[in-house]
Amino acid sequence: MSNLSLPQAAAGNGGFEPRIVAFFCNWCTYTASDLAGISRMTYAPNTRVIRVMCSGRIEPQLILAALRKGADGVLIGGCHPGDCHYQVGNYKCLRRFKLLKRYFEQMGIEPERVRLEWIAASEGDKVQKVTNEMVEQVRKLGPLNLAEAPKPHHQAAACAVAAEGAVS
Amino acid sequence: MSKPKAGFYWCASCGGCEESVVDLAEDLIAVVTAIDFVFFPCAMDFKREDVEAMKDGEIAVCFINGAVRSSEQFEMVELLRKKSQLIIAYGSCAHMGGIPGLANLYDLESILKRVYTETESTDNPSGTRPLPQTTVPGGKLTLPTLDESVKSLDQVIPVDYYIPGCPPPTPLLKAAVEAVLSGKLPPKGTVLAPDIALCKECPRIDSKPEDLAIKAFKRPHEIDIDPEKCLLAQGLLCLGPGTRSGCGAACIKGNMPCTGCLGPVSRVHDHGGATMAALASLLEATEEDQIVSAIESVPDPVGTFYRYGVPGSLLFRKHTTSGNGGH
Amino acid sequence: MSSLQIQVRIKHQEELDPDFANSIAALPGGENLSRCIQCGTCSSTCPVSLYMDYTPRRIIAMTRAGFKQEVLASNTIWLCASCYECTVDCPREIKVTDIMYALKRRAMEEKVYPKRFPTPVLAKEFFKSVLKTGRSNEGLTVTWMILKTAPLNMLKQMGLGLKLLLRGRMALGVEKMEGDPTQIRRLMEQVEVEEKKTH
Amino acid sequence: MFMENKASDGEQPRVGVYVCYCGMNIASKVDVEALRQFAEKLPNVVVSRTYKFMCSDPGQELIAQDIKEQKLNRIVVASCSPLLHDATFRKACAKAGLNPFYFTMANIREQVSWVTANSAAATKKAKALVAAAVARVAMHEALEKKRVPVHADVMVVGAGISGIHAALLLANAGKKVYLVEREPSIGGHMGQLDKTFPTLDCSACILTPKMSEVKNHPNITLWTLSDVQEVSGFSGNFKVKVKRNPRFVKLELCVACGQCVEACVFKEGRVPDEYNIGLSKHKPIYMPFPQATPASVLIDPNACLKLSRGKCASKCVEACDRAAIDFEQKVEYSEVEVGAIILATGYQLFDATKMPEYGYGKYPNVYTMIELERLVNAAGPTQGEIVMRDGRKPKRVGIIHCVGSRDKRHHPYCSGVCCMVSLKMAHLMRERIDAEVFNFYIDMRTTLKGYEEFYDRVLHDGVNFVRGRVAEVTDWAMTPGEEGKLVIRVEDTLIGVVRRIPVDMVVLATAMEAHDDADDVRRKFNISCSKEGWFLERHPKLAPVSTFSDGIFLAGVCQGPKDIPESVAQAGAAAAEALSLVDKGFVEIEPNSAWIDADTCSGCKTCIPLCPYHAISRDEQKKVAVVNEALCKGCGTCVGACPSGSAQQKLFTDQQLHQEIEGVLNYV
Amino acid sequence: MRYLYYPGCSLKGTGKAYDESLVAVFDKLGMDAKELPGWNCCGATAYMSVDETKAFALAARNLALAEQENGSDPIHLIAPCAACYLVLNKVQKYMAEYGHLREVIANSLKAVGLNYHGTVKVRHPLDVFVNDIGLDKIKAAVSHPLKGLKVASYYGCQVVRPYAEFDDQYNPQTMDQLMNALGADAVDWPLKTRCCGGTLTGTVEEAGLRMSYILLKEASKRGANIMATACPLCQFNLECYQGKMRGTFGDSIDLPVAFFTQIMGRAFGLEAKRIGLQRLFVPVKAAPAMA
């Protein structure tokens, strides 16, 4: 197929800037991320944080959608075990994540591209550290360049990605 | 007025879809009385030239089953699209890639190598492979080529409706034919099956506990299956909660868990992703190592959660570092 | 001594080396240099600081401020006995011992250490011996060091050497490692190659 | 079909994007003009503007005006964190007649300009976040905040000076207060101090009147020897279970006459006295200290022969003519409902044995500061006479600052009060026993009102100051003058020379640190701790006594080191916050609850066991799951698990999140 | 536990008695710890002053060699010399901490046919005796309890800091416990880990001598009649220069300084020659129970 539209040029050269979608829970990791800001800790600019109330809201479909839409990696941040603002949401996240990782193993997605970290509200420095590590890790791996799934030829296929071209 | 013309074509499929037509039993007579089949390679002796000879849009409705991989299949579905007013993707393979879609876990070369060189029953010391063109005395022979990836039908041509299932349940087929005949069709792109998950029609739903916590997943041969009780409650990986209804819970009635052949409901973007989320959430484990070992009890996540839909899933095929998989 | 000895003690900014601190901080162990709060723990905990022209705390301050010449010419860095007491005690987790090593190396690179000062000579002799044989040879190394720095001391040390010999605590021959000592030289050469690669 | 380029409620979105400079906070890194231009070209965007301070009145007015004139129905503000100003801009929208939930924020300050070194990269990141916000806001729906009535009572946990002060303020305002203290008496650390700096007020003299006011206040229920066991509910409606340990003495009968103590079969004290930091011993039945509140004796069940072995002549019972002693008392549990909780659990002192270089525990004449407080106190173990453990009076005293503070191996932070405490103690040692005093400090921190003046006074007292952190205290003598002394080794950094100073007594100004069980406590209350273990405030500047759990406030040192005036001020602030919550009569709940589409739910029950609040049940008629909105707290776990997309969470619907994913990836 | 023995250069020279006594004690306790084949100098402190990365690579070579000997269990490499112990630990720690260093060393090793994955555990014999073998077993091996021997346990600077985790950095106890287990009395004294000036004695004699003198003086003052050391350089410094100290400080110190393993050997009833007692300058005979 010749209709590849994913960024290819950067592969294997130093110009590659990983695109990382981060899902952070409101109470711990998003707050820590704000704290990193308040403390003026600079870190790699490659993450794009999407706030959810709890890591329990995060599910494989969101991660898969991010990768499908061009993310080279996905970072998930939640409260430490035992610290969840909603008691146990982070455990649900962890279980889904572990199963998803096994799926990724079979599908050839490098395990380093998806990372789950428990980051407490006070751990601004951990946001900095984890972000930097993750960006470096993914930079080493190079762009994800998923095989392009041919777009379904109809207005609403059962498995269509959400909002495909929705606002374009 | 003449009867509407219909076609029925197969791509990469097992023949089960055709069987499902036969399963219409006495209703089949009503169907053939109402419809004029003009192309049905499995059952009737029409040729490609016959289709090519038709006017564009001459076929009122064409049912196509099977996934698409070979150049022949590409050509045929494109041809049928041109000649048909309505294309209905029929069965899991056309709908989502189906069982043949699991081939997307391998690259083409390794499949060919396995088939033509490595299988235990292969005796092919010279490593001969089928070629697109072979010159033999008397002329040139051609064979279709294979694409790098398996695709669902809508990844190749525009599809108007889907009838899901492996094979599609006959009531769905019957309802679809009636809708086509009566012209009372839903918006294009609709999957012609209820848009609610299977638990809705599962006879065992009342036996499912409201505090389900799964210790580890079992496989059917590992336990003595209680014929009354919710299968998930017995630890079996039943995909019913995330799979479209419309089959009348046939497998569950046969004391086997749902494997997801009807695909997801319309609100779900990735069938496997959604069912993984649901089932993993229900695990009992809280410690990381417990979770890992509970999840180890799923021997083959792709084969379990994406059995019928690797091509139709968000990842589409196995990722290789070279990127696009060359399709 | 009839006249009052005076000395100009002012320091102008352009006399300082603005990159000095960074070049030291960039080395492994130097990372916390800038975090010093000048509490003096390193100096007071140091068993040798009583001999130093600048206490370790002052060396850190001067390094940070770019007093390169003074720091490299100080006796402090050569008096450091590598006992790691300062490193362990520093409340800011500054690896003072590593910084002292870094300064010693820098002084040797820039050849500003005191001539005939035995420590750098010993270090170099030691280095040579290991390169050749894979082992350090205490007797020979020390002998070379004395000969190179203060040959007159040789006589003084003879007694000790003799005693050691008599008790079998000093070998006359050259102690060599088992196997192939050239592997050491090759390893060292490769380190140079690799370092160039990554810089 | 289900993901169309149309607002969820059918009308075409008209989005306004407002990019904030935040003075130079954002503008110095992000090219705000480029960002504005970029936003202008995004789908559905009708107008895009920049302003110096979007959160200011004129900034908000700008938005309101556009809503009216440009008929905007969606607003995006790119500025600071939504955790800071979401509410501000929602209000601005509402004022202009737009449903406040047709609004979203892009956090381009905390998560972009403040954390990105490179300006171009910062601008790019900001663009991605704005694109995501624009994409997401199109999917927003009109929502209503729900109001829930609140309980008017307040609980204060911890009855040191902070807890006492907060409880009294609330009680005086007419609120019923539960004051919970785990020690047998209220008063906390302040009750142990001799004098307070810089005024040298007698600590007991200013504290005890407040203690008795607590005791006598009709609105305060005081529970000592008590611990909070469990907290459930939410802001305005907490349920708290308190464990109340037995005192083995009937509080209402005991008049603290002390005859029982006198009569106890033990003639001498045998339990190290906590109040005196173990410098004295008390009997199994004892009065915690003379001014203890409640004024009642209690029995230590581990030391009492009757309670630990079941056998004793029980002379105390005989001696008590009010029959107040009750060996049958058991642990009791009380459950109360309160609208707000103030945590004032205080601190503990750093364990000086963790720094063996200072010889605490090894050399008897090495003391901690709090021990010295008791030693100089007239009500202390020596009746205020300053004699060391070996019976001598110290002639020369070394006071070491920063023990455990400003030290990465222990506590990296400055405890804030130790300099002043050390100055106070130096002064007292000069004044009381005319000792020669050396203070060893790293930096002198005397920043508040009257503090520097006090330093000046102590300098003039003739106290010796050595700027240097002490490396070691030993009994290793190198000179005759050092024989039999404790030798302090330090670099006098102002002179640049290492000194050895022999002294008789060493005093360690140990750090304030979070309680060992702070982590358990914060879990109970569902709040966070900072890295150092202090309870974490909601915002270091703008919400210093609030926590991330609405309705739970912080007072005093549990939030971080403070001295007495600061603790009292903060306790006042916490009381005001609690009052403003419970007095209002209701709380508004963020409308982010989950809901389940009854038409598409298959009734698979996956969500039901996942809800930690039991908010989901099954409608047995319709055979579908139903969310009880009053119980739902809005975590979205059920939504993440629903295998058929029938569960959704307001403000975090699948559509909104997928749009956000698309937004951050597809436009930049 | 699988042990390998890394003697280091000094134990083949001035510290010969440490080598002999350690091996004899291993033998007595039934420990199997063969010498690491092909070992090289650890680089000690001097190398670090010349080229840091090379110093690390030099040390890492030994770890790589030890790892080659790896069976199913990780190798415990016993390094009796304080400097070797420190340097080998340091290279482990720094390779983990500094990515650049790790890369350079790993690549250099690879080029000479070696690999290191970080699995070796570097152990000091004090740690092994007290924590692996256990004081009970050691007590059981004592045939000649050292009655009346008052030992100042001198750990020196580099055994317990900065990387060791087996003992307290300020007031270490393992050697004291060991000495008590042998029937001797460990003397409490404050200078157990104060540097002896070993690296300076050869170069800045005045400083080195004074530092050692302080230690000997204080130990005597506290009633010690022998000093036990765990490092060849400390032992050399503290013992062999006592004559010189007499000249310099005008103070006669005759305190025997033995390796702690020699004292163990004595208590185990091993023959004087086997534990190298004849190699000492200051005879131990004067000390009770050591004759």
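Note that the chains are named A, B, C, D and E in the order they appear, and that numbering of residues resets to 1 at the start of each chain.
Convention: a residue touches a chain if its C-beta (ideal position, glycine included) is under 8 Å from a C-beta of that chain, and two chains touch if they have at least 3 such contacts.
Quick caveat: nothing in here was measured; it's all calculated off a predicted structure.
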item	value
Mutual neighbours - chains that touch subunit C and subunit E alike	D
Shortest path length from subunit B to subunit C (each step joins two touching chains)	2
Number of hops, subunit B to subunit E, where each hop joins two touching chains	2
Interface with more contacting C-beta pairs, comparing C-D to A-B	A-B
Chain closest to the assembly centre - both centres taken as Cα means	A
Centroid distance [mean C-alpha coordinates] between subunit E and subunit D, Å	49
Rounded Å distance, subunit B centre to subunit D centre (Cα mean)	58
Rounded Å distance, subunit A centre to subunit E centre (Cα mean)	51
Residues within subunit E bordering two or more other chains	none
Where subunit D touches two or more other chains at once, by residue number	1-2, 357, 610, 637, 640-641, 654, 658
Per-residue multi-chain contacts in subunit A, two or more chains	59, 61, 65, 88, 92, 96, 155-156, 160-162
Interchain contacts (touch definition) - all pairs	A-B, A-D, B-D, C-D, C-E, D-E
In the complex, subunit D residues that touch subunit C	357, 402, 406-409, 442-443, 467-472, 489-493, 496-499
Complex contact set, residues of subunit B against subunit D	187, 189, 195-200, 205, 208-213, 240-242, 245, 264-269, 274-275, 277-279, 281-282
Parts of subunit D lying in touch with subunit B, wherever the complex brings them together	1-2, 600-606, 608-610, 618, 623, 637, 640-646, 654, 658
Contacting residues of subunit A [partner subunit D, same complex]	19, 21, 26-28, 30-31, 33-34, 36-38, 40-43, 45, 48-54, 56-59, 61-62, 65-66, 69-71, 82-83, 85-89, 92-93, 96, 120-123, 125, 128, 155-156, 160-164, 166-168
Residues of subunit A that touch subunit B when the two form their complex	1, 4, 6, 8, 11, 59-61, 63-65, 67-68, 81, 88, 91-92, 94-96, 98-100, 102-103, 106-109, 142-162
